[in-house]
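A short worksheet on the structure shown next.
The chains carry the letters A, B, C, D and E, assigned in the order they are written, with residues numbered from 1 in each.
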Amino acid sequence: LGLKKRGQGLRSWIRVDAATGSSQIMEVDKFTMMRRCDLPARDLRLLDPLFVYPSTILGREKAIVVNLEQIRCIITADEVLLLNSLDSYVLQYVVELQRRLSVPPGDAFGGDSSPDYLPFEFRALEVALEAACTFLDGQAAELEIEAYPLLDELTSKISTLNLERVRRLKSRLVALTRRVQKVRDEIEQLMDDDGDMAEMYLTEKKRHMETSFYSDLSHPLGTIGAGQSVSAPVSPVSSPPESRRLEKALSLARSRHDSMKSSDSNEHIEELEMLLEAYFVVIDSTLNKLTSLKEYIDDTEDFINIQLDNVRNQLIQFELLLTTATFVVAIFGVVAGVFGMNFPIKLFDQPGAFEWVLVTTGLCGVVIFCSFLWFFKYRRLMPL
Amino acid sequence: LGLKKRGQGLRSWIRVDAATGSSQIMEVDKFTMMRRCDLPARDLRLLDPLFVYPSTILGREKAIVVNLEQIRCIITADEVLLLNSLDSYVLQYVVELQRRLSVPPGDAFGGDSSPDYLPFEFRALEVALEAACTFLDGQAAELEIEAYPLLDELTSKISTLNLERVRRLKSRLVALTRRVQKVRDEIEQLMDDDGDMAEMYLTEKKRHMETSFYSDLSHPLGTIGAGQSVSAPVSPVSSPPESRRLEKALSLARSRHDSMKSSDSNEHIEELEMLLEAYFVVIDSTLNKLTSLKEYIDDTEDFINIQLDNVRNQLIQFELLLTTATFVVAIFGVVAGVFGMNFPIKLFDQPGAFEWVLVTTGLCGVVIFCSFLWFFKYRRLMPL
Amino acid sequence: LGLKKRGQGLRSWIRVDAATGSSQIMEVDKFTMMRRCDLPARDLRLLDPLFVYPSTILGREKAIVVNLEQIRCIITADEVLLLNSLDSYVLQYVVELQRRLSVPPGDAFGGDSSPDYLPFEFRALEVALEAACTFLDGQAAELEIEAYPLLDELTSKISTLNLERVRRLKSRLVALTRRVQKVRDEIEQLMDDDGDMAEMYLTEKKRHMETSFYSDLSHPLGTIGAGQSVSAPVSPVSSPPESRRLEKALSLARSRHDSMKSSDSNEHIEELEMLLEAYFVVIDSTLNKLTSLKEYIDDTEDFINIQLDNVRNQLIQFELLLTTATFVVAIFGVVAGVFGMNFPIKLFDQPGAFEWVLVTTGLCGVVIFCSFLWFFKYRRLMPL
Amino acid sequence: LGLKKRGQGLRSWIRVDAATGSSQIMEVDKFTMMRRCDLPARDLRLLDPLFVYPSTILGREKAIVVNLEQIRCIITADEVLLLNSLDSYVLQYVVELQRRLSVPPGDAFGGDSSPDYLPFEFRALEVALEAACTFLDGQAAELEIEAYPLLDELTSKISTLNLERVRRLKSRLVALTRRVQKVRDEIEQLMDDDGDMAEMYLTEKKRHMETSFYSDLSHPLGTIGAGQSVSAPVSPVSSPPESRRLEKALSLARSRHDSMKSSDSNEHIEELEMLLEAYFVVIDSTLNKLTSLKEYIDDTEDFINIQLDNVRNQLIQFELLLTTATFVVAIFGVVAGVFGMNFPIKLFDQPGAFEWVLVTTGLCGVVIFCSFLWFFKYRRLMPL
Amino acid sequence: LGLKKRGQGLRSWIRVDAATGSSQIMEVDKFTMMRRCDLPARDLRLLDPLFVYPSTILGREKAIVVNLEQIRCIITADEVLLLNSLDSYVLQYVVELQRRLSVPPGDAFGGDSSPDYLPFEFRALEVALEAACTFLDGQAAELEIEAYPLLDELTSKISTLNLERVRRLKSRLVALTRRVQKVRDEIEQLMDDDGDMAEMYLTEKKRHMETSFYSDLSHPLGTIGAGQSVSAPVSPVSSPPESRRLEKALSLARSRHDSMKSSDSNEHIEELEMLLEAYFVVIDSTLNKLTSLKEYIDDTEDFINIQLDNVRNQLIQFELLLTTATFVVAIFGVVAGVFGMNFPIKLFDQPGAFEWVLVTTGLCGVVIFCSFLWFFKYRRLMPL
């Protein structure tokens, strides 16, 4: 069973190396991956293609877990592990990342201090963000091109077919808006939390780890102050395995160093913040488009509703007029019917009675009809 | 009365031991439970099966009070006390928790520093979160399976029965959304408050308590600084009982130690934060499903409304046409009636008068009808 | 005039003593009350029964001003001053508070360190919160019992009477929701602001005040640092009277002590936070009920709207059918009328002409009617 | 041109002196005012009666800029400069402020430590807040008195006139709500920002300024630490004029003093916070009224919509019934018409045929009508 | 290809010099611009006229990137680089900025410490804000002038043309509101983040940079403490080029200086905060106008909907009345038809039978009609 479980966990990953930029396809099971990137099972599950989780960017101890639309990857200080799929966006991501890595840092445009310089993990993140933003903006543009003519057509001709198409369009719009909103919220949340951003400087964290490991060995007692000496005797009674303890001690040492160089760290956070800020503007602009489209649809529906109501009122006005006319005609018909009864009346013998009856009834009918018209106008039921 | 009250407080709890993983059923009254977990009556009331309180996770001095859907339990550093019920989810929770506890830490997958390692209280919390998320996601999926075909059926055939079913579905959706939202908000709130998260490290708090208790005994005067020496003489005049005072002094001492090792504590908060973050993504994805469903329902209702209005307008258009036709026919009828009157007219004697009258009236009728049609088209009341 | 003003300010208050739990009714004017509790006129106005202010809990220097539904009181470290009224809730509050005060602290359930222990001001506050929560939850439950049957009745039978009742119900629901929301917001705001919560520890503040007053007398120059010595010469030029100055100096001294024992203060804030948290869950659950009810009403109204529209369309469909049938009948009538005209036609003399005319016209009518039916079905205007 | 510009800036201000309480009318141009209160042109523009800016309270270096409904003034530590206008509220403000200033502090009600004591700037601010709150509450009450009867009338009698009146009422309600909301938000924002509140203690700031000016002169080198000595050599190369530099140095010195007496400053912020809190409750209660009214209008509109729909359905039901009856009558008419045709039929000669035809047709008509009724009832189109 | 890319990046910029105020037009490619202002490619893209990004103000290391409606510029401590376009607002911006720069600081109105003094970057920002606010307010006013008469016309005369115009107006309103909202949010966000505001003091940052560069040279070892000495050996192993390292060391040194003079920096932030605050009030007032207009449109649509429904009900009432009348007339017609049948009845021979039949039938008709009227009134279907 355990073996079967491992087998189930086998997934195809594309690995892009930070140093060389070379890519290779690997079949790795879930547990190897967990240990490789120091990630709990929970976090790996978020990348699982079987589940559809919303966009997420999580900064972990040694890795950044990225789930942005098609791009599902784990970024560490040394490599990007990208969940393989047949989607063309995944391949484009690899190609673009390799292209950027192949440009030697500081040599990009002839100068040596390009303002574009970023550590590896942020280059990988930037390519992922760019891919997601471009993809979503493309989808939004596609929707816009389809929607506006359809809506304008709908205002002039309301048909079940057009309504059904608008309904399907709205479903797509809502789904896309949700995805864009999610990416936007994720970026906004990251920008709001300085701690999370600091956590994502993997290259620097790794460097410090190595440095402090050696420096701790060289002066084992000196700088570790009172706080550390108290905490040390505590650890033996604790349950976590020793290897983990050691790592914590290192991270503790690291954080002590950090506090001494906090200004340097702040400088860095700014770099990431600037990166996120720029893509925030881009995705926000996409969201704007979609919200505008949503409001255009809503306005169009309001318009259609009022327009339908207005047309209906006009229809009923004419129906009322016709009913009035039919009523007058019916009265005429009754008069004719009355004189068609087989009673012998003296009127029949009078000359000109036929014409007189017709004219009188006709005039009465016209008077009745005009009275109704005047009354409807007086009650403001009809513009006339 | 006091005895009766105690009797009322008797509830059946399932106790899962942290060390052995063994479970047992206990009948404990409310007040024993309050003292056992150091919880005020208020907090226990939130677990009471008689009341239906929304989902809650509260970090207290010595316990975490968890009320997540079916799972209502108190987690301490040594045990989980689960409110017994006939619900199968409660049993599944116990089985799953025992399974996880039976896996020796650090030995899970052959290695000894699994990234999945967590202290007991968070394992218990994770199982509860997983149970709640799975349960709610299952309910959401069930609702989806039922809703989408029903809504598509409704668009093609609007009937009172279908409307009633959609209405009941909406009620269920709203209730479920509220519950999912509540779990999501609870997790989000916890993540936002570092203090609350720190409060929940029960194992560590317990260890510190014991350690500092002994270390305080060994150096009773040395490290306790000026602040403590001022506060000490204050305590005698205060009202709370001495046993509580002592505890406070300990917690005071503890917090002093904490501040010296704050980086270690921060490291820990991160562990819990990562745990919560992962389940936040899961429950957020469930909420997303439900919100999408809600919007699909809303869109469908908008569609139905416009569609009903549109059909009604078409019905009234045809009614108007028929009324027009009836009007023309009525005029024809009146002409027939007029010539059916018993007046002696010379026209009756002219040959071909019958045909002439019929053709003339018929032509007039057609002209009148066509004029109306043209007028309706001109006023854009009908597409024709 | 000044005298008259004082007379106007006379109000009946119930005073509950913290130490003895005895209650007495007092007639106190506004200005005595202001000085007694060190409250500005503004704050007392918020309790005025003439105005209807929303629920408020304000922490002041020496008092907590509580306006929770029927309960309008001022809580100090020594007493509760409750605005007297004929409302039964006010009396119940006094009785319940006295019952709780009569239980000796630490002796509640045989043990001496009950987790329920709280200083006097929080016991008084808890009783007020409980009263308000119980009252509001009762009102919500009452509304629910009334609303659900009414709404279900409305869906089956829409009448002006039922609509009017639902409308009145909605007004009550909105008003109650607002009040519950206000209490909930007030509790939430308090929990969010640590400073406000710390401000409300009246017993402790009073104890510190007394202690520091004596300790300041004993070492008048020693511990007061540079900051104080600078501020001291400033005070003579300032306008506030000396007695107030002294108080400020004391509060200054106090706050200095506080900062040395901040961990102790944090511990306390936690106690109040736990108290508020528990009632927050309770009132939040009440708010949940009301919001669910609101959404049920909204869903019912949506259902009724669509249902009314749907029924109307069906009515108009039948009307269209009948109009069609009437049209056919009218044609038949015209044919009959035509042959009823007094023109001499040869057809009259042919045998079987009567039957032939009837059958032909009848068949034509049936064909016309069926064509219309088929056309309506083709245009999907009727299900048929 | 410059002269003309100055001329344009001439405005009439009412000046109330802090010390004497005397008021005088001044014609001051914009630039004098800018220098007098140390305010940039931007801030003065916000008070300009030509523009209609929403309510604002801005704390500046030496002044508080207040724009609350009719009251547009600048409050400094020494005076209130009130923009003159013909509005009676402006005059009332001056009278009320003078009345309060005339009451000697600490002598208000015989005692010398009134809890109502406040520095001048907050007394002036309180009078402005009170004026604005009273004014807005009055407007809200007026609207309520007008609205509720009108809405109740509308539910019983829907007429174009009533609808038009409700529409105008809604416009006024929206406008008033916006203004109340703006005042409430302004107060809330101030309360949330401790820095802004501290900024508004003008009297204290002025006193410190004077004190530190002299104390700095007396010990020019002593207490200014390393930080200051570094910053000092920087200033010569900077662009702002020297007089401004000096001021900054003073403010720098002041802020250093502040940090030493931060508890005193906190005490003060509390005073202002209490003041704002009280008026927040008042304006919040006004906002509550308006929101309730808004919801009452919305509920009434919902009611009217459903009621109109319901009445319409009933009208159409009766129309359908009448159409059915007319259809039956038309059939009867056709039968009569058929027997009125001039064909010679044998039936005419049979005795009792007349009665038999009438009875048969009548019975058929009744059967047809009843079938329709039963069918409509079966389809639940009519309650019957 | 690389050359072509550079060619594509060529844009026309207007450069305004900070010192002289002179402006010149430059053709600069993207990469020169990136290095000139130390901006990454991402940030420059936000100014690209090909994309339509929402309004943005970004504070970077050496520049402020401003994208406010027509004004797209980069502000550094020494110059403003404005994206050239044919829009007249761009030219006006340059003219207005030059006008303000030409006024010598401190000499504006005869005095030497004008409260209006601001460093160059904020003057440039203020002119941009003013231009954007004026432009948007103008657009809002234009919309208002057009909208209110149109809406009032719509309430009296609902026509397809008017509805279409209102719909187009709503689209414009939504688009404008979004833009105003975006500018408002941008200003609000800046005001909420002290760090971002501090980042934007370019002149001061530049001055500090230069100062600390020289002072670091003069005392290379002295003040750089333990933290720096630890971080120094780390840098050689890091990847970024040396020139960038140096810059970071400088910024590190700078931030150390900053912390010593934090009060000075706070003073500055206040200057920018006041600037932003003032324009926030202005843009907020514009947003208010637009929101009011939106609500006026919504209210008008509600009014139209109820009005249309109300008129329709009245139309149907009259139709019902006419149908009733037609029904009565049809009965009369049937009676006439019955007596027109060719059956020989004895009634025909009785004298006065004709009158008797007419009167009886007429009376029956009147009774039937009145019964219907009474019934409709009783069912409250008609006001009558």
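Quick note on the criterion: a residue touches a chain if its C-beta (ideal position, glycine included) is under 8 Å from a C-beta of that chain, and two chains touch if they have at least 3 such contacts.
Everything numeric in this text was worked out from a predicted model, so none of it was measured.
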Determine the set of chains touching chain B that also touch chain C. none
Ordered by label, the neighbours common to chain D and chain E are none
Trace the shortest sequence of touching chains from chain B to chain D and report its length in steps. 2
Have a look at where chain A meets chain E and say same if over half of the interface residue numbers show up on both copies, different if under half do. different
Could you say what rotation angle superposes chain A on its sequence twin chain D, using C-alpha positions and rounding to the nearest 5°? 145
Euclidean distance of C-alpha centroids - chain B vs chain E, Å: 34
What is the distance, in whole Å, between the centres of chain A and chain C, each centre taken as the mean of its C-alpha atoms? 34
Measure off the straight-line distance from the CA centroid of chain A to the CA centroid of chain B, and report it in whole Å. 21
Which parts of chain D, given as residue numbers and ranges, touch two or more other chains? 160, 305, 309, 312, 316, 319, 323, 326, 330, 333, 337, 340-342, 345, 380
Can the chain contact pattern be summarised as a line, a ring, a star, a complete graph, or none of these (other)? ring
Sequence of chains encountered when the ring is traversed from chain A in the direction of chain E: A, E, D, C, B
Quick one: in the complex, what on chain C touches chain B? 105-106, 109, 111-117, 119, 155, 203, 207-208, 211, 257, 260-261, 263-264, 266-267, 270, 274-275, 277-279, 281-282, 284-285, 288, 291-292, 295-296, 299-300, 302-303, 305-307, 309-310, 312-313, 316-317, 319-320, 323-324, 326-327, 330-331, 333-334, 337-338, 340-345, 376, 379-381, 383
Spell out the part of chain E that touches chain A in their complex, as residue ranges. 31, 34-35, 38-43, 45-46, 51-54, 56, 58, 60-61, 157-160, 163-164, 166-167, 170-171, 174-175, 178, 182, 199, 226-228, 230-231, 234, 237-241, 243-244, 247-248, 251-252, 255-256, 301, 304-305, 308-309, 311-312, 314-316, 318-319, 322-323, 325-326, 329-330, 332-333, 336-337, 339-342, 345, 348, 353-354, 357-358
